[in-house]
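In the two complexes that follow, subunit A is the common piece, with subunit B as its partner first and subunit C second.
Our next item is the complex of A and B:
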């Protein structure tokens, strides 16, 4: 089984794009989603999601990866929509009424239309934020990331920690699946437990072996890295030569233009 | 230090923190171009030796050392690891943890780039290393997409780009299938023939290194048991047995057939680079010269370990089983597999990694749901059974025991499954005692599982499974990364359950010599389909079919096939069976 959001070597304009331009896209996404949120922000978020969709499709990333991202976030979306549905303080149009339980300005017995809408807006904001980093990771090789970070004067060790964390997510993903299978063989089926059972007892037989295995793998990983000279007090050779092309400027201009458009739509 | 001596260890004793003596009074000298093989059971100190030479101790694992260690003119103890790494490269067992970059090219460049080597030089080293390990053209591939053998060769290439003078290989083939082992073996053989490096390799696979080794060192619990040329060392069958080392079948055959004098001091006339054909020719010549006598009647009274089991009712059945994994690319792991397993059979499943072996047994226990077809347990669909009901009926012991161990004692580890099944508390202690007793871990019942050796952790996983009293016991590659003695202990345990409890046993393994001794029926999987299925002795003579799956028959079968002209049946699977067809001179006995 392979992790969904790993780097795939393809020759597309997004893969060829300078990593700093892609980092700029990630950074602008974060700035955009940090703007104070209002129920009327949906057009802004949709414009930015549209930009993300363009970047994903030009990068020829399969739709199933986006579907996986959506699936991972689905629980969060439902949580946001339900919580906001019940608690949104400006909600006044009842959608479903369970009873009446007033708490300050909200009636916790009613799911309101405005609350559900605000939950949806928040969910789209989460989706917009969450779709930027996978695009960067899936289209930028580790060597490019390291070189780009070096250009930003980020210490080599910090960069490598980030890169190896990416590599470790693959291992964690695989180990998690294997441990769940191993415990099922002893009649321990986490998949059939409810959320409370999982929270209180189910994760111990899964997380304990995972942690113990990760310690061991981390040791081997450290050996593999250090026996290849990692940590030597020498400036590492830059393997990737990052040159800036006119297309990088064009993409950067396009991304910045969309960002400005979103800012204008939001504030004016 | 002599110019040609690259590794020199004098009276080295190493003790890990916690006073565990891992190596004791070790002496070892390795010259440029020399290939040294280190043998020993799990826990013998092989990896510690690798770590001492490559500087992993004390820089990553701490401990106390006595004696002198010189590695290419430096003592790794006194130098930073990146300095030792430029002289001594280390290849570990598990290729997965050694490959962390997104492409092979980046992986190979990682080491020299850390040392500030010029970009052009890195490109040259990368090209040369890839040619040597025969991975040219795969520079842009993600290492995770490669086969096991390719991954380990990529890891080897990434060590070679550091331009070491010494190469330390810590069981580099132990986690690979026969094809992977052959591929890595070829690369190592090429390196040995180039003669630029001193190579130190630890292994359990004595057959693979027999023709390569210049010097063999045998360790037993940190002590040097034997040291010398392969002929000197492998002639000491009894001492090798005591140390848990497999004597290569080629050597055992020579000792038996030609009554080779056994002495370390006088070099024996054992030949370590004989082929099976050459050995067969020598046996035929000995028979012709009446130095050996074929006695076909003698064989009649010998026990036949592979009697086909009488037909019993079906216990497990795969009907048109097709399992695919979504890609990209989509992988069809099993394709329309039809298979019936009868109650009380002892079945071996062999085949390359990726041939569908693990997918098949995971389908048997309901861990995978087939896209087409179904699995029946005694006529009932496995997917109609709950996880607990399956666990009571079919036990699967996975390759890596560490995926399941999480409690603070071996006793609790066994208790976990029993509690999940709702076994009454009053019955549990007895079941725990019984299952721990069966695997020989009664004395360790209160120990923390991770304090056990890898072999014992695997036995604990078996105990936790058999405590549930399943009717079918499946062992998924119990021989991987296991020493010779441990392999046979697990196989003996399976045999005991088979004979005493009538359990149905299914064992997946790459060890053909082992499975030939135990399995009545052999299934060979290839590309998700059953290539061969039948009595083990009949399957192993289908040489051409087996080649498709890179399976080589047991040594004894190969030799017997070459001796057909003497009336020896080709269906022989063990050397003991073969010896029974010959009368030996009294002094040879």
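Our next item is the complex of A and C:
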């Protein structure tokens, strides 16, 4: 089992981009999606989504990854469209009428046109929010993330903890798979259980050995780190030395300019 | 699985170790499944760090109740006010029916606050979670996780209600719908925790300061 969105080693302008510029894009996305929303905000969201699409295509990320992202979020989109369709408080044009069931400000028997539209706007907002982080993950290597964290003055211990835990994830996936297979050999098949059986019965025989094995690994890891002098009072060197290029400034200016454009369209 | 595992972390790794591992685990989760974290670091805080922090407070409530109780009250009041009063109508949110909405929100913070302020929280739960008696231990872990999860539900939901522009009707309905889910999640978490704690006790691994095993 492998994560869907993982780093792919390619030589593209986005892969070469300084990680802090990519982090700025991720942070600005969060700011933009947290602006109060109105049904007329679709152009703002589409502009930002357009920026994301440009960055994704320049990074040569396959279209199927975006399709996967869309599939993961599809349930949320349907939920938003249906719920807003039924309950949007400024909805007055009936699209589908099932009957009349007034509850406080809403008539739950009617799906309104305005509500469905607002649900679509919210779905685009969620898509815009969710499209930034996969780009960062798929175009930034672990050593670059480490260097970026160092530049952000995050303590070395925390950075090391994060990076070593990140490298542990593959191991956890492997261990999980091995334990599940071992339990199947003992006629304990998690795949055949329903959601309630899984919640109360299935995870104990899998998580318990997994956590014990990880504790043992961590214990060995700690000994190995200490023998290599981890925590010695010297400035550690960087695996990958990152320098800022003029292209980084240009991309940053472009991203900030799009953000300002979105803010202007939104508020003025 | 993020939330139950984060809630377990302070029990297995001690309060500080648990919170630190929840931060690291949350950030890693964000990196390996970015689509599940649309609010990025905010999601890490809500899904991973907060459960660990609140469970850590509950198992050390004998020491920290003077901090825990006001925090629970603040989270409860803020959970009631956001988003239908703050930012409220000017951000497009509808008017919620009162006192129904206040009572619905109170279900999520008043019992937890009462547990934290009474001897159940200030004395018994911290004792029970490390008791040799299995029943007491199960009960202590369940109550600690239950109190933490109920109060956690308020700050966990509100940013999404804001993002999804929840209607007043949906706000009330969600309070009702989740009232069984939080105890169920706490029960599952307690059921998962005990065998792990017992396995760790027998493992011979070096004990971690502040952990319950």
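In this section, the second predicted complex is superposed on the first by the 185 of 268 C-alpha atoms of A that agree within 3 Å, B and C clash if a C-alpha of one lies under 4 Å from a C-alpha of the other, contacts with A are read in each partner's own complex, and residues count from 1 in each chain.
The rule is simple: contacts are C-beta pairs under 8 Å (C-beta built on N, C-alpha and C of every residue); 3 or more make two chains touch, one makes a residue touch a chain.
Predicted model, so just to flag it, every value in this text is computed and none were measured.
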With the two structures laid over each other on chain A, which partner does A:212 touch: subunit B (first), subunit C (second), both, or neither?
both
Mind working out whether A:232 is in touch with subunit B, subunit C, both or neither, as first, second, both or neither?
first
On the A-aligned overlay, A:49 touches which partner chain: subunit B = first, subunit C = second, or both, or neither?
neither
Between subunit B and subunit C, whom does A:204 touch in the aligned arrangement: first, second, both, or neither?
both
When the two structures are overlaid on chain A, which partner does A:187 contact: first (subunit B), second (subunit C), both, or neither?
first
Would you check which partner chain A:5 touches, where first means subunit B only, second means subunit C only, and both and neither mean what they say?
second
Would you sort A:261 into first (subunit B), second (subunit C), both or neither based on which partner it touches?
neither
Looking at the overlay, does A:37 come into contact with subunit B only (first), subunit C only (second), both, or neither?
second
Should A:175 be classified as contacting the first partner (subunit B), the second (subunit C), both, or neither?
first
Where subunit B and subunit C land on the same part of subunit A: residues 6, 204, 208-209, 212, 216, 219
Any idea which subunit A residues touch subunit B in the complex?
1-2, 6-9, 62, 64, 141-143, 163-164, 167, 170-171, 175, 178-179, 181-189, 192, 204-205, 208-209, 212-213, 216-217, 219-232, 234-239, 241
The subunit B residues in contact with subunit A across the complex are 54-56, 59-60, 80-82, 85-86, 89-90, 92, 94, 96-98, 100-103, 106, 109-119, 122, 140-142, 144, 158-159, 162, 325-326, 328, 362, 365, 367, 386-388, 391-392, 395-396, 398, 400, 402-406, 416-417, 420-421, 450, 464-465, 468
Subunit C to subunit A touching residues, read off their complex:
1, 12, 20, 24-25, 27-28, 30-42, 87, 90-92, 94-97, 162-165, 167-170, 184, 188, 191-192, 195-196, 199-200, 203, 205-206
Of all residues in subunit A, which touch subunit C in the complex?
3-6, 26, 30, 33-34, 36-38, 68-69, 72-73, 80, 83-84, 87-90, 103-106, 108, 118, 122, 125-126, 129-130, 132-134, 136-137, 161-162, 165-166, 169, 199-200, 203-204, 207-209, 211-212, 215-216, 219
